[in-house]
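In structure tokens below, several structures.
You will see two complexes here that share chain A, one where it goes with chain B and one where it goes with chain C.
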Partner chain A sequence: MKYAYYPGCSLHSTATEYDATTRTVCQTLGVELEEIPDWNCCGATSAHATNHLLSLALPARDLAKAEQMGLDVVAPCAACYNRMAQTIHETKDNEVLRGRVSAVIGADYEGTAKAKSLLEVLAADVGPKVVEAKVQKPLKGLRVAAYYGCLLVRPPAVTGWDDAENPQSMDKLMTALGAETVDWSHKTECCGASLTVSRTDIVLKLTRDILDAAKAAGADALVCACPMCQANLDGRQGAVEKTYKTNYHLPVFYFTQLMSLAFGIEPYKLGFARHSIDPRELLHTKEIA
Partner chain B sequence: MRRVGVFVCWCGSNIAGTVDIEQVKAAAAKMPNVAYVEDNKYTCSEPGQAAIQKAIKEQKLDRVVVAACSPRMHENTFRRTVGGAGLNPYLLEIANIREHCSWVHPDKVAGTRKAVDLVRRAVYKVAKNVPLQRASIDVTKRALIIGGGIAGIQAALDIADAGQPVVVVEKTPSIGGHMAQLDKTFPTLDCSACILTPKMVDAAQNQNITLMTWSEVEKVDGYIGNFTVTIRKKARHVDTTKCTGCGICWSKCPAKVSSEFDLGIGKRKAIYVPFPQAIPNKPVIDEKNCIFFKTGKCKACQMFCPTGSISFDQKDELVEEKFGAIIVATGYEQWDPSPYGEYGYGRYKDVITGLEFERLVNASGPTEGKIKRPSDGKLPKDVVIIQCVGSRDEAKGIPYCSKTCCMYSAKHAILLEEKIHAHSYVFYMDVRTPGKGYEEFYKRATEEHHATYIRGRVSRVYQKGDKLVCLGEDTLLGKKVEVEADLVILASAMVHQNGASKLAQTLGISYDQNEFYTEAHAKLRPVETNTAGIFLAGACQGPKDIPETVAQAGAAASKVISLLSKPKLETEPLVAQVNEAICSGCLWCKPICPYKAIDGKVVKERIAGGKTIERPVAAVNASLCQGCGACTVACRTGAMNVLGFTNEHILAEVDALCL
Partner chain C sequence: MEMEVLNLTAVGPAGPAFAAQVGAEAGTNAFSCYQCGKCSAGCPLSYAMDYQPRQIMRLVQLGLKDEALKSSTIWLCASCATCTTRCPREVQIAAVMDTLRAMARREGYPYKERSVAAFHRAFLNGVASGGRAYELGMILGYKLSTFEMFKDIDLGLTWLRQGKLKLLPERIKGSASVRDIFEKVRKLEQEEVARQREGRPAAHEGMEGHS
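Coming up: the complex of A and B.
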């Protein structure tokens, strides 16, 4: 199993621990990653709010490079994945649009490479059974709320690999690691994403709702598959607590961090120190690390 | 030499706008056998028809071609016209120069050329026509109604009132259908059972009506006036002649299962009548859940039955009955809203469907009419009603409008306020109230019962403590709305009955992409199917409310009454005929016939040398044959011909068009 790896801007900056653990987990599971040379930003929300053609051209340039490599793309970031899947979806049966996109990027874009999220690759292609076989330190007693966010499994016409309203793939992966997952209401609610900079108030409200729901469901921590979600839920948690006079203290993991941990990788290699809500205390109490 | 008259119609500007009538006339005059040509602004008008009759007499015409609209419109009209002038009605051909020509071609030159070709085709064909005679068949004076809901009951009562015997076949243990499940009915709020049960009792007591509950139609053979129907009487395990309906059996039965009639909200026993007013008030044993059928032990019901009515060895019984006409009144099912994951139906107990709410609010329901929410039995204070769940949603549900949900949602809002002072928030896309007193009813919900109507969809329902938070949008204010509700009611769509397509195939009637049965004409023949003698009533044809269903049932009944009151039925002579002299008896035609109209027979004939031999040939039952022509294509020797469309006819048409 080999993929063209598209880390995206976050994994090279704010979410280096997601990048590192992604590589670790893939190596353990025999998923080969080859980083796309000279990749560019996917455009995220800014591009599609500015110019439709631009929002397709940016991911198309990366996809065209993957086509030259003869590989499908895996993107750990939900936003990057969604932009790529959206580009493939929109240009699939539209030769004219593909032609315009090719002209913009100055390369032939055929639309032959697929885009997958890292979660899809690990949960669907590799599967919980294979994952379970690699577990050395089961995450016993850890109750997590699997948080998918809004872009990972939606819209179903574009993504279509998990239930769009009540997804299960991450829950099954977590169960395979020996952790317990909670049934909760805010799995696919939006965290506010990049509004964190321009409209912090909105992000504080949205993240509060998510944290509230996870706490109410009895979770010890959240698990996510998106650097933006992690940044908001973890990084803004202190501000939410202050603004709304609440107290959560809910660590927010990348699912690859927990996988690495269960695969027996030493905790100090997993970048926990970079988190705002330090998860090591929780892991220590649960006698996991 | 024939004397053919050609009558070219203008149809106002419908034809004359695109086709040069004078040129068509001039060309027709030169065609072989044509003795007379005339045009008319409206050939179907009385003067137009009179002109044809006059020409037949004065010009001594023996064949007629009318170049006008589709034969589906006026072929019968002109057959009568021709017949009225003393010619055999089948010595007529129609050249369709409207639907097949002027309406679809903008170019006058090409259109005229095509019209001439079409007229020539008809002229060549009509020369080969021979007089055909209609036959008559007997009518079995008895009607079958499939489905014992309000549609079936109403149709049965109307037919029985006219003195004709009716059999109602119902697959559940009781007649009554969905209407028996409802609490109140819009727009008058009279109790559903109070207006339905008198009709159910009437049906049970009427001498002309035979009720066959717990039964299903298995096979249908025959044709209009003479259907042979095989009905499966499912094993009831209760002798209905002895049973008094005392109820001891179901009070003693130890097996409790969820009740279909209460949509899983309530329980029933393994031996049961579905609801207190059931007709017949005789229980059935549900073999799947009966402890005796599962383990071979129990028989509590048999032990306690005071009349000895219970028999565990009863088997399904197949009975064959004859009928002259059939009404299909199989109704609808409520759509399962599970595809709307965001509403959490099935995940959250307090998210229920409209029909489930009917059982909650119904005095004969599992809560005795107290609107206790399923999770904890508390009375809800704030209720969110979501309209168009499934309806008008091609992505997740069905494309059409279910027609009844706006009204029943308004009814639910009224009942909630009236009974427990609960406040309703109704999320809607449009409020559609096109019925007598309907708009007023909706106004009553908002003004007198203070329901809050919010124009917009709900995007998400989630549990927060003991509340259900509904996130939605008010598209009139352009704002997000969040309502904390105690109960959420999904106004789920009306969809086809389970197995609707299978029954259609059994009956030989057509259905649309949504598996609703298709009427013969959307406007002008709304209760007939394309299969003669089979009629439609109620929601099996499309979503309908009670008033509309009852009206359609009455219409279907009157069609049946008029059919059954005829002493004999005339049949079309355009059926298949075997030329026995050249039939090889291979019977390839037999399995191909969709109407089972062909069988083999043996003929005796003398051959050279004075010897008599016997050989097999095909034989067509003219009453069953619908003249589709499939057999003529299969016939290798060309012995099979459809009268009026013989091989000779078709070749004459090909010559006219191609030579």
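Coming up: the complex of A and C.
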């Protein structure tokens, strides 16, 4: 199993621990990653909020490179994945639009490479059984709320690999690691990522709702698959507590960090020191690390 | 008591052509909306919007272009696509919001949420210059254009200490080709605006690519 790897900008800045543990997990599971050479930013929400053609052209430049490599793309970031899947979806049966995109990027874009999220590759292509077989340190006693956020599973016409309202793929992976997952209401509620800088007040409210729901469901921690979700839920958790006079102390993991931990990788290699809510205390209490 | 009479069946100044244009650009049928309100019930941002997503759809249908493009809704929409996912009429409401934002910007409408527009501009400036997002530069650019100098200083400093924000941008080898993408798109957009002003038919990409 080999993929063209698209880390995206966040995995080179705020989320280097997601990048590192993605590589670790893929190596352990025999998923080969070849980074797309000289990849550019997908444009994220800002591009599609600005100009439709721009929002297709930026991911298309990367997808055209993956075509040259003869590989499908895997993207760990939910936003990058969504923009790529959207580009493929919109251009797939539209030769005129593909032509326009090719003209803008100055390269042939055929639309032959698929784009998958890392969660899809590990949960569906590799599968929980293979994952379970690699577990050396089961995450016994850890109760997690699997948080998918908005862009991994929506809209279903574009994503379509897991249920848009009650996805299960991450829950199954966590169960395979020996952890427990909670049933809860906010699996796919948006954290408001694109407004995090400009309307922080809104993001604090949305983040509070998600943290409240996870806490009420009895979770010890949240698990996510998106650097923006992690930045809001972890990085802004202190501000939420201060604003709303609440107390959560809920660590927010990338699912690849927990996979690495269960695969027996030493905890100091997993980037926990970069979290605002340090998860090491919880892991210690649970005698996991 | 005197009440203001609102004629909700009359068509606004932009007429049905507006809904047709929005639908064509968004790749959806704006006339399909039957006002059930499912989009607005599920929208996590609706509490902060001046018009509910459902109401925006109605404004579009009625040709009330100014009201739609001057709303806070189009900027507060976080593009989570809960609306699109749940619409029983398969209207791509999130795509309609994108279309309205793009339209408001290129036609020079005042932004109801200036900070949101400033963020998008600062973000894309970084991508256009180096090929990749540059968080620190984006934040500084945003602060300079909004004068929100002291907002988020705590988190910014924490992230700098945690090594989450890079001091220098990553510039890709092909950054010129990315800049070129922005240039070409800008030129095409200017041509499109000129075409519309002169009343020539729009050369959008067609609806068949979206579904």
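One rule holds in what follows: the second predicted complex is superposed on the first by the 289 of 289 C-alpha atoms of A that agree within 3 Å, B and C clash if a C-alpha of one lies under 4 Å from a C-alpha of the other, contacts with A are read in each partner's own complex, and residues count from 1 in each chain.
In this text, contacts are C-beta pairs under 8 Å (C-beta built on N, C-alpha and C of every residue); 3 or more make two chains touch, one makes a residue touch a chain.
Source: prediction; values computed, not measured.
With chain A as the common reference for superposition, the partners chain B and chain C occupy clashing space. Of the two partner chains placed by the overlay, neither chain B nor chain C lies in contact with A:Val131. Within the superposed three-chain model, A:Leu173 lies out of touch with both chain B and chain C [touch as defined at top]. Of the two partner chains, both chain B and chain C are touched by A:Ala164. With both complexes placed on chain A, chain A has more residues touched by C than by the other of chain B and chain C.
By the touch criterion stated above, A:Ala47 is placed in contact with chain C alone, chain B being left untouched.
Of the two partner chains placed around the shared chain by superposition, neither chain B nor chain C is touched by A:Leu283.
In the superposed model, A:Asp38 makes contact with chain C only, not with chain B. Once chain A of one complex is fitted onto chain A of the other, the partner contacts of A:Val144 are absent, as it touches neither chain B nor chain C.
Comparing 44-52, 98-106, 116-124 or 134-142 from chain C against chain B in the aligned model shows that the clashing stretch is 44-52. Within chain A, the residues touched by chain B in the first complex and by chain C in the second are 157, 164-165, 189.
Chain A contributes residues 9-10, 12-16, 38-41, 43-55, 57-58, 61, 89-94, 96-97, 100, 103-106, 150-151, 154-157, 164-165, 188-190, 192-195, 197-200, 202, 206, 209, 235-236, 239, 273-274, 276 to its touches with chain C in the complex. Touching chain B in their complex are the following residues of chain A: 157, 163-166, 185-186, 189, 213, 216. If you check the complex, the residues on chain B that touch chain A are 340-342, 347, 395, 460, 462-465, 469.
Per the touch definition, chain C reaches chain A in the complex via residues 25, 27, 44-45, 48, 76, 78-82, 84-85, 92, 94, 98-99, 101-102, 105-106, 113, 115-116, 118-121, 123-124, 127, 131-133, 135, 138-139, 142, 146, 151-152, 154-155, 158-159, 162-166, 170, 172-174, 177-178, 180-182, 184-185, 188-189, 205-206, 208-211.
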